[in-house]
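Going in written order, the chains are labelled A, B and C, and every chain counts its residues from 1.
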């Protein structure tokens, strides 16, 4: 019972983040891009004329609260899209490898090994160097570097399930491969795949922050949490709010995602109880 | 097997050695990057020459006022417009005890100017077509055409030992350099630090410091932490915000100097909405220079009205920049039919992003939509130096030719045919060509005056401010940094 | 044994093939984004001078030709000469490797030293306050961005408390903070893995038998569970090496730790192709080989476990 109350709280928090991200334009008190060069680095709670900066201002005088709200949009959007892309690509390749086996599987799994051998961050830096930074390219990079993780799990799971009697029966009854993969195997591996997806989601949020730290993520003046923190890093002592608030949000969101992932894993794999 | 044993040994030594013991005889400097090469002739970057300038002497040098004064050469005279004779000191010894002779000077020049040597510095010295020993202590240089910036370039020529380099070869020379400067190379841990020790036989006198250590610390915040905990005595490259924060640190001193580096905005005159001169003039009137200097640079900058600093020869004082007048700018943009036009701004992380974003806001206020694209430095250079279509409509620049002469600034930036220039104006070309073809300073100033008048009217670039180099050091370190950002430890000493 | 060695040979071959694939991908990606010529020359260089230097350095040759030339050198174990640093690439990379190895080792020590005991405690005292506290701690380690935790560590232990050096790699104490920053995420993985493994083993028949004989949970854990739960942990450790090498990139940047991660970033930024390729080759070889070792170890040990049950 205690366990259920805990997860309810986490899910509520998660929903709150998503809601804040969706409703950012309505909730943000100011334009997140509006600069006031004379109001740089004001502490939280500052009141200037009629304008109240609840979380303070950044190094160009922009309201931090508004930027954090819009930043939620970007973090969630990047992570969701990246996970979606790598999930689709990863599962597809994993299903194919697990079903057809033989040379196809060897080829795909060796490709997986190759991709996993490149340190993800180096591949990201290299790809951004060629494609240029920006939201779309960031998602492409993240999607391209993470799919192998899904493929591995999907492959292993597909191998196990493909041997089950009722799958064999369906095959003998003349069901098409696509139908079998889509209607029978996919639903059965959905559980473990969701577990991978949630842990990847948290990682994608952190990854985007890391790439922004290196200047390769979301471009200014767009306010991703990682970009705000990277820019605020040189003011860590003088303007602690620039790293603490987005950092706290980042941390809380990732914690919620990870806890959700754990809960999913418990549901899917009773062994871990 | 020997190699891995060596690596293990290096690792254990590296990890067990105590932290650098600091005494009054030693100086520890934190630099953003490690030396790329010790050989002074095969690279062109600040972190390298901050170190090797202390190992080598240069043919000429600049004093603290910026005037060119003798170093290895004691005197010089022009025998005609393209021939110059230098008298060489006879009392200089290299670190291996051998004498510095005119042959070494000629060798140093010839090595860089030989294309097969692949020196990136070739462009700075390729006006020199011949160099020969013309007497027991004399060297003669010949230039292609009269070249007024020659002496400024020779300030950067490090003299290397011919016999030693020819004996050990280029690769070994790079590892174990020998110069004639105030410090010798003791050890170079690539990527980590460089250790120098005093050259007690130095011809100008023994240096104050017995040892100098240059540490490579890429992260700015970490460099500040090093200074605050006393791990380092000196660092350079502080941002204005860092300077303001460090000013209140009792155990540290902030020192700044106006440099020859000019902060400017490039405006593409050949492509895009900025092709129209009215749009360019409007942009010039949209920029609030004073707010940029006060708010972003925290006062660590001096405004300039042209794309040049007073530290450069050729600076004119009677040409004023377009005034800050957003209303007039808006009207001008309307009349040019450019309201709402998209102005792509290309930049890289090397340049201060806050300046870019502030400019974006200012342009937005006069009706132009500026979009910022950030790419990494190699890609940025490739595009900026490419076709007008790829280089964006605007860009930020922080230009220094390390020559303190207008020829090194507005010639490459705006003369047609140069990779950086997205501007063509025959009169301007004629003026800067003439200014570099004569040694007469009055004539040169007249040409530059005309050139800057054209730049003012045509606005292919907007001068913002003269950059200041900000250093952080222990309060009792006495040193006057110079406008050309030279880093001579010989000139530093502890007070009292 | 014969079967094992031929299996080993084929996996090794596949591993090398994977590394080769990595090298090819990186080679072409890098060169597609330009060459270092523009970065090497002073600002005022003309187009002709730039092109001349480019030609001298060989960057204007067709890509395919450059690739073949590189492969030829590689076959002779020649990693080439860096055109940016004008020094042999092997020396440049080899000098930095010990630092990253030390950092990875330090991070592993942190991760294992904190993660495993935490995981065991979480499993043995399930549902207690201790478990909840530890879970929170483990969660924190997984959720903090390393660049942020890095600078906070420096400020706290370096500047404010003055206990540890703020940067550099001079002494063993300089290894502490980077190891903590880097090891935090891996610590979480180990804690979780250990917890699951221990929980799993606690339900097995021989532990029940041991408890029936009167042994406390702690005694049963010591005798049987730890030995058996160690296997998945060892496998994860081998796999985490790859992650550590990757995570080291940011940590090395923040702490001025002169390892190959920092070298890689600097070389990419200066388009020092040969150095980047050498680093990627090294990292992918390490990853692939540790993967292989983990797979083989697991395969070798696994049948014994099944037999023991």
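The criterion applied here is as follows: contacts are C-beta pairs under 8 Å (C-beta built on N, C-alpha and C of every residue); 3 or more make two chains touch, one makes a residue touch a chain.
The shown structure was predicted, so the numbers you read here are calculated from the model rather than taken from an experiment.
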(request) Name the graph shape formed by the protein chains and their touching pairs; answer line, ring, star, complete or other. (result) complete
(message) From the centre of subunit C, which other chain's Cα mean sits the farthest off?
(response) B
(request) Could you tell me the distance, in whole angstrom, between the mean C-alpha positions of subunit A and subunit C? (result) 22
(request) Would you mind pulling out the distance in Å between where the CA atoms of subunit A average out and where those of subunit B do? (result) 42
(message) As a quick test, compute the distance in whole Å between the mean CA positions of subunit B and subunit C.
(response) 38
(request) Scan subunit C for residues touching two or more other chains and write them down. (result) 33, 151, 155
(request) Return the residues of subunit B touching two or more other chains; collapse runs of consecutive numbers into ranges. (result) 221, 376, 378-379
(request) Any chance you could list the residues of subunit A touching two or more other chains? (result) 129, 233, 236-237
(message) Taking the touch rule as given, give the residues of subunit B at its contact with subunit C in the complex, in rising order.
(response) 3, 7-8, 10-11, 14-20, 33-34, 36-37, 39, 42-44, 115-116, 118, 120-124, 126, 170-171, 174-175, 189-193, 215-219, 221-223, 225-226, 228-229, 231, 376-379, 381-382, 385, 399-402, 408, 411-412, 417-420
(message) Using the touch definition from the top, list the residues of subunit A that touch subunit B in their complex.
(response) 34-35, 37-38, 40, 59-60, 128-129, 132-134, 215-216, 219-221, 231, 233-238
(message) Please output the residues of subunit C touching subunit A within their complex, sorted ascending.
(response) 14-15, 17-19, 21-22, 25-26, 29-30, 32-33, 139-140, 142-148, 151-152, 155, 196, 199-200, 242, 245-247, 249-250, 264-265, 268, 276, 279-280, 283-284, 287-288, 291
(request) Would you pull the subunit C residues touching subunit B in the complex into a rising list? (result) 33-36, 38-47, 49-50, 52-53, 56-57, 84-88, 91-92, 94-99, 101-102, 151, 154-155, 158-159, 162, 165-172, 175, 253-256, 258, 262-263, 266, 269-271
(request) Would you pull the subunit B residues touching subunit A in the complex into a rising list? (result) 220-221, 239, 241-242, 245, 291-292, 295-296, 349, 353-354, 356-358, 360-361, 372-376, 378-379
